Amino acid sequence: MKVAPEIKEDVERLVVDSAMFIDRDELDRWMECFDEQARYVVMPRDNRILGYPVGLIHCENKARIEDRIVCLRHANKYNPHFDRHILSPSRIDTVEAGVASVETNFMVVQTNKSGESRLFCAGVYEDKIRVGSGPARFLERTVLLDTFSVPTMLATPI
Amino acid sequence: MKVAPEIKEDVERLVVDSAMFIDRDELDRWMECFDEQARYVVMPRDNRILGYPVGLIHCENKARIEDRIVCLRHANKYNPHFDRHILSPSRIDTVEAGVASVETNFMVVQTNKSGESRLFCAGVYEDKIRVGSGPARFLERTVLLDTFSVPTMLATPI
Amino acid sequence: MKVAPEIKEDVERLVVDSAMFIDRDELDRWMECFDEQARYVVMPRDNRILGYPVGLIHCENKARIEDRIVCLRHANKYNPHFDRHILSPSRIDTVEAGVASVETNFMVVQTNKSGESRLFCAGVYEDKIRVGSGPARFLERTVLLDTFSVPTMLATPI
């Protein structure tokens, strides 16, 4: 399907911006990427396949996302690190009634205070994005995580 | 050189789609990305440099690619894992007579059943893509692999 | 902010090209990506945060970059490897007076002569790019490196 260039640009921008805000530890700006009623779910890929729709993180609206961020900031004191998101190009599946369905493969490289980097996790963002009326915003973001064995997984948003 | 926006979009879409189809284990859809007469070659980078054009995989047309997929599905039973392709933006070198020459750096993160992810391989896709008449299709894909020491290399298409 | 499509394309192309030229060991072409007066700085992320603007590499113009390349080529004889850059999509922050400010997350996968690949480093390119008059060129590239513990870090440009 063909996507209008300005919608494509808005979608790609939101996805890239939101990743960069985490990398810069600008979590307030990250949260601004979400609509007030946005859902944010982090789920192991395995659960999807096995039919258990249970998330590691399950926030039903933006207020819950904010609560979560406060907790994460606290946890982070004991697990100081840098994140770096590497994103594959986004795929826009459909745009219907002002909502774009978008998938973006990603990986996160994490670097500790000694400057050692490692592959932290990989997965796919499955997003519903409001487009065409004001700035693009996430209505729903499901982070489908391939990696689920990492004990420090939840110390930052992904 | 300047590339028409609709050709650029078709090319980028085919490259991203084909990677996603592998990640989702939708190998039938992956095969549909290839023209009937398409060549699919996987070759270590070293061989290219040393002048040995010998591939790890060498399929001269789509029927051969399908044969290969049947074998891979069988092999996969004993090496269960998830793939996740992370693609760099594509470079369109030329578009001549309805054929685009395109390069795309990539890496694959593989995750085992315990949820542990590792860098599996990296390399570059060197593609000849039919554009401008019907849906874009691979006429030729050479996967130039940097990584060639991995024993399980051939358990999935790349 | 909205960026003119042709500027966006020129910027994205320069960033992808310059990475590919390193990967192919075409360092002469890599250098052509820089303006005569271009600055090229490689700096650990930590230094930025701590307020030490000291670079691992600090080249004040293109002649200095060329000097550096000669040294690197020599060092490389004793550390033979392949690089593979994986780039996230570029973010164009501003375009003012013919200069685009651009950020691009990246990682480098390095492969040794035995065909073993590893995550070498990750970080962000912070670029000032001349656009709109002739081919796009780097006026300034700051490579902000997350990874700084790698002893062989300086054996190639990044």
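When the chains are written out, they are named A, B and C in that same order, and each has its own residue count from 1.
FYI, contacts are C-beta pairs under 8 Å (C-beta built on N, C-alpha and C of every residue); 3 or more make two chains touch, one makes a residue touch a chain.
Just so it is clear, the structure is predicted and the values come from calculations on it, not from any experiment.
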Which contact partners do subunit A and subunit B have in common?
-> C
Could you check if the interface between copies subunit B and subunit C is built from the same residues on both sides, meaning over half shared, or from different ones?
-> different
Subunit B to subunit C: how many Å between their CA centres?
-> 26
Could you list the positions in subunit B whose residues touch two or more of the other chains?
-> 5, 86-87, 89, 119
Okay, in this complex, where on subunit A does subunit B touch?
-> 2, 5, 44-46, 86-89, 91, 103, 105-107, 119, 121-124, 146-150
Complex interface listing, subunit A residues touching subunit C = 5, 9, 12-13, 16-17, 19-20, 23, 82, 84-87, 89-90, 109, 111, 114-119
